[in-house]
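One chain, chain A, appears in both complexes that follow, with chain B as partner in the first and chain C in the second.
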Partner chain A sequence: MEMALVIDPGKCTACRQCELACSYRHTGEFNPSRSRIVVFDFHTKGRFVPYTCTQCDQAWCQQVCPVGAITNENGVKVVHEDICVGCKVCTIACPFGTVNYDPASGKVIKCDLCGGDPACAAACPTEAIVYTDISVQGFEKMRKWAERVDTAPQAGGDLPPAAH
Partner chain B sequence: MSWTGKILRVNLTEGTWADEDLNMDWAMQYLGQRGLGTKYLVEEVDPKTDPLSPENKLIFATGPLTGTGASTSARYSVITKSPLTNCVACSNSGGYFGPEIKYCGYDMIIFEGKSPKPVYFLMIDDHIELVDAEDLWGKSVWEVDEAIKDAHQEPLLHIAAIGHPAEYGALISAVVNDGHRAAGRSGVGTVMGSKNLKALAVHGTRGLKVKDPEAFAQAVEAAKKVLAENAVTGEALPTYGTQVLMNIINEIGALPTRNARDVQFEGANEISGEAMHRPRRSDGRPNLVTNQGCFGCTIACGRVSKLDVTIPCVKPEDKEKYDIASGGVEYENAWALGADTGVDDLEALTYCNYRCNEHALDPISVGATIAAAMELYDIGALTKETTGGIELKFGSAEALCRAVDAICEGTDFGKDLAMGSKRLCEKYGHPELSMTVKGQEFPAYDPRGIQGMGLTYATSNRGACHLRSYTVASEVLGIPEKTDPLATEGKAALVKAFQDATAAVDSTGLCIFTTFAWTLEDIAPQVDAACEGEWTVEKLLEVGERIWNMERKFNLDAGITPEEDTLPKRILKEAAKTGPAKGLVNGLDRMLPEYYELRGWTPEGYPKPETLERFGLA
Partner chain C sequence: MHHLIIGAGPAGVRSAEMLRRLDPACEITLIDGEGEAPYSRMAIPYLLEGKIDEKGTWIHRPLEFYSEHRIALVRGRAEALDAAAKKVRLQDGTELAYDRLLVCTGARPIKPPVPGLEGERVRHCWTLEDARAIMEHAQPGSDVVLMGAGFIGCIILESLIRRGVKLTVVEVEDRMVPRMLDEVAGTMLKQWTERAGARVLTSTAVEEVEDTGSKLRVKLSSGETLPADLLVVATGVTSNIEFMDGTGVEKRAGIIVNARMETSLPDVWAAGDCAEGCDFSTGDLNTLAIQPVAVEQAITAAKNMAGGNAEYHCALPMNILDTAGLITTSFGRHEGVGGERAVLHNADEWRYIRLEFDEDTLVGAQTAGHVNMVGCIRGLIQSRIPLRGWKERLLKHPERVAEAYVDLAREA
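Presenting the complex of A and B:
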């Protein structure tokens, strides 16, 4: 079973507990600027979106690293700080911007799923971030839609705006 | 730990600044934020100082838990001497601004003097600058927020600013951060304007450590669980926000309506938290877009609304500008702008709320002052000539919106309103129509229907206020235990207990709304695990009581006499007309003597020498 962080921005309240928890787990300090997960606040739209590494199967960051500092540990792309030389090539290669240089350590930092116990998911008060079996991550969404199947044609007005 | 141990002192007159060590002896006695910031104020500012003179100081103070992983660790306070009340002012705000001060390495910023020209304060870690703000003078909080982020190419800055009204001296000006979170009351924004300080823009990347990481993690985890499992903090507040109260307070007959002529509003349901969820007739969407938490908050009571710009109150040229999601009405705002003015149009209230945020106005004082103006208009003391053509009738959404616009723009009548209800009613010959204590408008609870709130308003150290001792929790919601809202017995002790506990919570960096679920038993272990020293429940209560007496002493030294521990005549003489409190006035005279005695004050309301000595205040 491969586990992953599954993010539902609709549930996010922008409290940034995930950033606090992430920085605390990795640095021993509360410091959102060193968090591997970031909450974006599109406040004039009323939308808040937590964003972090999705652990690409064929990871650009891993492939481009000139010193082999990023390895694949059971699907998790982990930066080995003792090998990383801080060249930042991975930060250029990553299409999503989720590998970042940390001036405090001179290394790059990215989500490592906290070795299988992600602090962000544990800290999230609304289950906007959950840690779950990647192969069934859509299961809950499917169940919600399945539940509507027999009423959907009559209840178009009940569907969320995005469904129209 | 978890203080940073440093404060920044900024001399606006000279354009200089310097680091100082935090006075740790004071931190041990006053904790942080409200307590510690006020300690610095009373030590450094003569109580007789003119609040709008350069001799007044403006303090942005965080608490030791601000910016940590504790739930609701967003809070900071703006502390100064109030130009509205002449009392000590301490206004508390959330959003994301406060923690940034800590992440730059400071517990507190003290602004002194007056800048010779408009400036804004910029701090990105070590980089500190007073930047010319001539171009931003006259601009709104929202414009300033965008302009500063653009100018420095730094979207991670968090900004606290004043609007145009604070610049022209409106006494009901707030400091608004992150677009719609306000250090709202007592004219703290007015003091900022008087110093030619337009904004603070702050971003920091330093981390915060706690004393005992393991104990802190445990205490925080347990406390978060209590919030999540509590009916108020876990369910009612995230769903309806503070607006959950509108129908409840109306039903118990304590919703001041039409400048407190009535205690129940027939339109309450239309402007309630429930109404914010209902699809609108115009576009089929609800007013409410989502709830939002402040930094670190696992309750998330904040309202984010989307205004229906098709309503007639929104001028055609403004429709595009306000066609956005932004801070929606909270209970106090919906009451002041709505029930108190008799306006039952939720969208009009949302428009006025946007305007108050955009121009950093205190919506409680704005709504309550317009309500007083509406009564003046009703009895003929104000006319269309004096209102600049506004037909200022109770219940008119159009009149309400245009009156709010007048304050934002600073028209002649707008400037009358901007002085607050007390000065407005005095100017037009009817001081008795001002629903204020010590010059500050009272909030959304009628003391005839909730007796303890009468004593709360009368004795609050910053003028009428619900956040100094929220006995509504006990008298209406049964937290921590139910008391009869119509009885005066036992309320003196209740008010004192709430005042002391609240002063302590306001000094931690945490939000007072946690206390719907938490007691000091939940808070003390978090403070103790994070901070040097030993922080028990008893110690926190002692700190709270010390703060209360310190604030009282400052006010007395400022010339505020105990005779001002009173309520508007209407609340003491005119009985409630409907609801459970029908026939009742507030029984302040039955509560106040007992309160003074419990406080260790003389029957005249002055702290006894032994009381001051007990708290090291002699």
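Presenting the complex of A and C:
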């Protein structure tokens, strides 16, 4: 069973308990700007979207890291702050914007699922964020969306024919 | 199946890892041409400023990683390739046979034709060996001249300032990082760098360097002569592909590859700074010489070498630069393609965002002082998502670019 954060924006009320809980768990302070999960407020549509890393298979952040500071722990991409040099290349390589530079620490931060006990899900009063088996519906949609950026058509151009 | 990989930089190492993951039984040999543990050039600035030691630049620590993953590290420089016989000859005469070959030999810096660019105190900043020399000569209070304020020049600039040297930056073009930032952002960066304590001379050329024994004398086109204990030359790079001369491989500035990272030679792939593949933004062949493209190409090559069918379509110019606290980024066609443009410029807050559109899609961007969720810009450009109503909003509020991405991608 593979566990993941499954997010249902329809249930989100933008109370932002998740941001506070995330920031507190990781930094010991209630500072949403240091949270690894962000609630987007599309007020014109009356819709709120909690947004964080989906632990994608491509692992753009992990692959690009020059010093091996991001490792794959059973599918979860974890930043090791003691190794991170703060070069930020992962923050532009990740096409989802879910790895971010934290000026306070000089390192990058991203969701690590709190080692298997995510504070955001525990804090969410409406079950908009639940930590559950990924076979449930909803996660597939998130994954698909994650894959989309990898499959965009290539611009035309003169390329040599395949040699074999 | 024997996979031979030439070059143990990020591209070589990432491809070796992926090959091992996909094919537990294959044989993998990785040739390291520098006599160092496999390391990332990108980490050199942090070595220079003392944030890490040399081991901190290694891609994997400890080095047992390679033996544990049965990746044989071989020292040596590839000197010749016989693609018909499927053999690579190293400088010391050793011949290595392969079933499939991946060329990841990267690039090396070039020295412009300026008289006097030689000697121990004239260095590039490209290898660990260079870094050691720079650390020796760039002492607190030393006079250091940095020739070239392109991306590499700007990325090492901060570490030179942090070493406490008296730094003068000399750039022949009219602004810093001209290929990454426009005049507004480039000028902001120049002002910021000057405030951080460096002197920045744009539209100025180094014309001659003379070694007077105690100091170097760096003569400029402005007529001024700068004393220097160290001159760091960062004026561009060229691909390491000479060892393929005579093979008939298709090449321009780099070895030409298709979307599968195949070269024109059978069973030979190429990836990273030595390769020239399709540029997402223009559709033309290009060598971008950046880490994300190098590793993403390498992973694509490895998947295909292991018998898969992977294509790479994301070679997008993208850079992020932290210059003593001012963070700048640029993505794709940051200079625009003649479409509409959104600009936010707040000089007092050192904030700048410029987005470039082609009809209903985002094709390029540059930012200064805007870092939150910048990766979304890559996502928006690379997925070519139609912006619909978001374009109007972004034209007024370019700072809402991450929001646009999250909203659009969820509905896509």
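In this section, the second predicted complex is superposed on the first by the 135 of 164 C-alpha atoms of A that agree within 3 Å, B and C clash if a C-alpha of one lies under 4 Å from a C-alpha of the other, contacts with A are read in each partner's own complex, and residues count from 1 in each chain.
Just so it is clear, contacts are C-beta pairs under 8 Å (C-beta built on N, C-alpha and C of every residue); 3 or more make two chains touch, one makes a residue touch a chain.
Treat the numbers as computed from the prediction; the structure is a model and nothing was measured.
Student: Of the two partner chains, chain B (first) and chain C (second), which one does A:V64 touch, if any: first, second, both, or neither?
Tutor: second
Student: Taking the superposition on A as described, I'd like to know which of chain B and chain C A:P9 touches: first, second, both or neither.
Tutor: Touch status of A:P9: second partner only.
Student: Just to be sure I read the superposition right, which of the two partners does A:C94 touch: chain B = first, chain C = second, or both, or neither?
Tutor: So A:C94 only meets chain C here.
Student: Could you look at A:N31 and tell me whether it touches chain B, chain C, both or neither (first, second, both, neither)?
Tutor: First partner only.
Student: May I ask you to name which of chain B and chain C touches more residues of chain A?
Tutor: Between chain B and chain C, C touches the greater number of residues in chain A.
Student: Contacts for A:Y51 in the overlay, against chain B (first) and chain C (second): which applies, first, second, both or neither?
Tutor: Only chain C is touched by A:Y51; chain B is not.
Student: Name the contact category of A:A123: first (chain B only), second (chain C only), both, or neither.
Tutor: first
Student: With the two structures laid over each other on chain A, which partner does A:V85 touch: chain B (first), chain C (second), both, or neither?
Tutor: second
Student: Give me the intersection of chain A's contacts with chain B and its contacts with chain C, in residue numbers.
Tutor: 161
Student: In the complex, go through chain C and note every residue touching chain A.
Tutor: 10, 14, 40-43, 45-46, 51-52, 56-61, 250, 256-260, 262-268, 277-285, 291-292, 295-296, 299, 311, 313-314, 318-320, 322, 327, 329, 331, 371-379, 382-384, 402-403, 405-407, 409-410, 412
Student: In the complex formed with chain A, which residues of chain B make contact?
Tutor: Chain B reaches chain A through residues 67-69, 71, 73, 96, 99, 103, 156, 178-179, 204-210, 213, 224, 228, 238, 285, 289-298, 300, 304, 306, 324-326.
Student: Can you list the chain A residues touching chain B in their complex?
Tutor: 13-17, 20-21, 23-24, 27-34, 43-48, 103-104, 123, 125-126, 161
Student: Per the contact definition, I'd like the list of chain A residues that touch chain C in the complex.
Tutor: 9, 38, 40, 42, 49, 51, 60, 63-64, 66-68, 83, 85-89, 91-101, 145, 148-164
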